[in-house]
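Listed next: structures, encoded as structure tokens.
Two complexes, one shared chain (chain A), two partners (chain B, chain C).
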Partner chain A sequence: MTWDWGAVSAFMPHFWDGLLVTLQALALGSLISFALGLVWTLLMRAPTRWVRWPVGVVTEFVRDTPLLVQLFFLFYVLPEWGLTFSALATGVCALGLHYSTYTMQVYRAGIEAVPAGQWEAATALNLPRLRTWRVVILPQAVRRVVPALGNYVIAMLKDTPMLMAITVLEMLGRARLFSQARFQFTEPLTVVGVAFVVISYLASLLLRALERRLVR
Partner chain B sequence: MSVETRTQPAETGTGPTELIRLEGVTKRFGDQTVLDGLDFSVDAGKHVTLIGPSGSGKTTILRLLMTLTRPDEGTVTVDGERLFPAPEKQLREVRKKIGMVFQQFNLFPNMTVLRNITEAPVTVLGLGRDEAEARARELLDLVGLGDKCDARPTRLSGGQQQRVAIARALAMRPKVLLLDEVTSALDPELVAGVLDLLRDIARSTDITMLCVTHEMGFARDISDQVLMFDSGRVIESGPPEKIFGDPEHERTREFLGAVR
Partner chain C sequence: MTPGLWELVLGGVWTTVQLLLFSALLATAVSFAAGIARTHRRWVVRFLAGLYTEVFRGTSALVMIFWVFFVLPVAVGWQLVPMWAGTLALGLTYGAYGAEIVRGALAAVEPAQREGGVALGFTPWQRLRLILLPQALPEMIPPLSNLLVELLKGTALVSVMGMGDLTFSANLVRLALQQSAEIYTYVLLIYFAIAFLLTRLMRGLERRLKANVGKAAPRRTAARRPRPADAGTKPVDAAVGGMR
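Then we have the complex of A and B:
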């Protein structure tokens, strides 16, 4: 087995296409999981159990079933109900939904870690409840949870190849197509592996910078 | 409880200058009774100090008045309005009249010092941002921290944080200021600065003060009335000269002997 640089340069155009898809899925999936996770957390604190209970059941269900099952479900079952999205959009939604059930637990921990004295000071100043959430509690909770959210971004990155199962051609999907056409596996798979390491590392650097900015 | 006893205080108890009244207030945590059928009232403009051993229920009274906790029995009346039960809207009105300074300061660490002070005047009292900031700067000058507007609370010493917290409470122009062991969490060398500031405020304003403290010198200086607590009851009350000079109750003598 020899290393063929020619295969690497032949693969690169496909690689860039795949990289773009991976980054899109990661960025949008993360955003959805951050936003939706926060929504779940707040709904779980609703005063009535008619909200808490269904939200608890749905999120527990999503957390306890494999991402692959959810991808297939969204991709093959929703169109039967007349809902059709592109493969990438479906993949992004599945990633965001799946990971939102993890980020919700992160947010919950962050909110519970805000000292009771902060709530009491807000009450003593007569701040309305919504305002207390917005300017006192959430800003303090979010900066506590940035490192934990970051870990889920990296976990999500490593789950993006699953989108292959619903025909999305991200990095690994491109590598597989290329390999099967040319019977050259080593070079494209190595390139993709290195790319995962580089993206993870850059993401963790970015997170550390963000953390330093937030925790003052 | 019969109807007569419930309506009675409103007819006879609320004098023109009475601001705070507690009647038969009982509060339990589990099987521990923290307040045990407590009665007392505070007239407008008075400075009342609550002393006594820890666990005797002093802080719970301040927390009741600030609506941070609820009594199990009895009534609490502030400026003629009864709390517990009361709709949230009425509680909000009552809270406008009351400010509280906490043992642990409880400043908002995610906001600058100035924003800590302007947040509630802008969102609750509806002041314009410029006006609120001008007032906040005046208050920061008053507490000796005029140069710390843009600092984060976490960068300040405990004494400075507590003075910001006092400014924050005063910015709401409360009728009543509740001070909950405000120097207990401070390093010893920072206590005097905070107490001097409170002496100034007591002298120069007509704000009503309820003060839980272990600083007996301070209590003697500012108080019109001192209440001695033990096991959820007021066992002795009177002007500071009387309580500190010639206490009647054996428990008071023991307590004062121990803290000196």
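Then we have the complex of A and C:
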């Protein structure tokens, strides 16, 4: 086996471009999953089973099927229905949708962990329903769920390479393009692999620091 | 969809199931080996097992698959058939997640049980085999069941390398029919059916293992199956969850 540092340095400019796309997808995907997950959780608390049941089935379905197939579905089927997005936008939507079915469970656990006394106090103070949620329950729930949400952000980071399959040039896509052009697979793929380990390790350190600040 | 295309899809299902079976076996072996090694007396063993889990959990499954398909042949000089390359990459990646589950469940067995074993003069191996594992196993099953569904979802990744699994066959059908809504809906439903079957099987296994150590099966509640994230708030999972 030969290791060619020249190939590494030739790959690095492409790597930074790919990293930027990866981080973009990650940031937007996380935002969508945080927002949509909360929507699912609140819908699952709806008083009627005609809302809870379909939402439960749909989210279970999305959670138990491969993200890759969902990506293909959105990428190929939406244009047939007359909706055309860029590959990156499609990827971000799929990531956000897929992970929202995980974050909904995180939120649910967080909301259930708010002590019953808080609900009772809100009732005793005669707070309106919306206000109870906005100023009493959610602030306490969100504080509890940050570490678990962070874990899913890290998991999502590791799923971003799948966007390559729908032609998004993120880190792995760049590596593949570069290695096919130069017939050097070892260096770019190893660089990308190491980058993932380093980024997810740094992210987990950051998360632990955040956890210490938020959860007391 | 013509019968010929359905045959293609069925072939894809078979490849996916085979790959799932092999990589699940490898992942189980690896996760028990690494998970138990992390409770070893010697720090070198603990360190190596910890290094393995951190590296393989830190990297992405798809990157690992690329690496096994493209770099490994150059590095060691032999090329694996796609099935074994996929098994190796998936088994090692998901084994690292499984190792954390095994370690967490072993650590969650009451310390008094271990001390009882020490007091009775059991060797470490006897303690593990006769005391710790029988009690830890039923606790591992729900998170392992979730991991198995994750592994099933992971098997779709090998289609990127041109292996003829279910996802790959869907791509072929899309190219043949020039329309995608129908075939992708079927494929999603097939994956969902397999996942459903797996969770049922694992639940049956959990009931049997619990009965072996004299615990009642968990009562059915509104939640259909134990989910990864609710576990996230329980103390056990602080150890299990860690970094995903």
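Convention: the second predicted complex is superposed on the first by the 215 of 216 C-alpha atoms of A that agree within 3 Å, B and C clash if a C-alpha of one lies under 4 Å from a C-alpha of the other, contacts with A are read in each partner's own complex, and residues count from 1 in each chain.
In this section, a contact is a pair of C-beta atoms (placed from the backbone, for glycine too) under 8 Å apart; a residue touches a chain by one contact, two chains touch by 3 or more.
Just so it is clear, the model here is predicted, and its values are computed rather than measured.
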{"item": "When chain B and chain C are modelled together on chain A, clash or fit", "value": "fit"}
{"item": "First (chain B), second (chain C), both or neither touched by A:V197", "value": "second"}
{"item": "Contacts of A:R213 with chain B and chain C, given as first, second, both or neither", "value": "neither"}
{"item": "Vertex chain A, arms to chain B and chain C (CA centres, degrees, nearest 10)", "value": "100"}
{"item": "Partner chain in contact with A:Q140 - chain B first, chain C second, else both or neither", "value": "first"}
{"item": "Touching partner for A:L127 - first (chain B), second (chain C), both, neither", "value": "first"}
{"item": "First (chain B), second (chain C), both or neither touched by A:E60", "value": "second"}
{"item": "Which superposed partner A:R45 touches (first chain B, second chain C, both, neither)", "value": "neither"}
{"item": "Chain B versus chain C, judged by how many residues of chain A each one touches", "value": "C"}
{"item": "Gap in Å between nearest CA atoms once chain C and chain B share a frame through chain A", "value": "18"}
{"item": "Those residues of chain A which chain B touches in one complex and chain C touches in the other", "value": "none"}
{"item": "Chain C partner contacts - residues on chain A that touch it in the complex", "value": "1, 56, 60-61, 64-70, 72-73, 76-77, 80-81, 102-103, 105-106, 108-110, 113, 144, 147-148, 151-152, 154-155, 157-162, 164-165, 172, 175-176, 179, 185-186, 189-190, 192-193, 196-198, 200-201, 204, 207"}
{"item": "Chain A-facing residues of chain C, complex", "value": "54-55, 57-64, 66-67, 70-71, 74-76, 149, 152-157, 159-160, 167, 170-171, 174, 179-181, 184-185, 187-188, 191-192, 195-196, 224, 227-230, 232-233, 241-244"}
{"item": "Of chain B, residues touching chain A in the complex", "value": "66-68, 92, 95-96, 98-100, 102, 104, 106-111, 119-120, 123-124, 152, 154, 168-169, 172"}
{"item": "Chain B-facing residues of chain A, complex", "value": "115, 117-118, 120-121, 123-128, 131, 135-136, 139-140, 143, 216"}
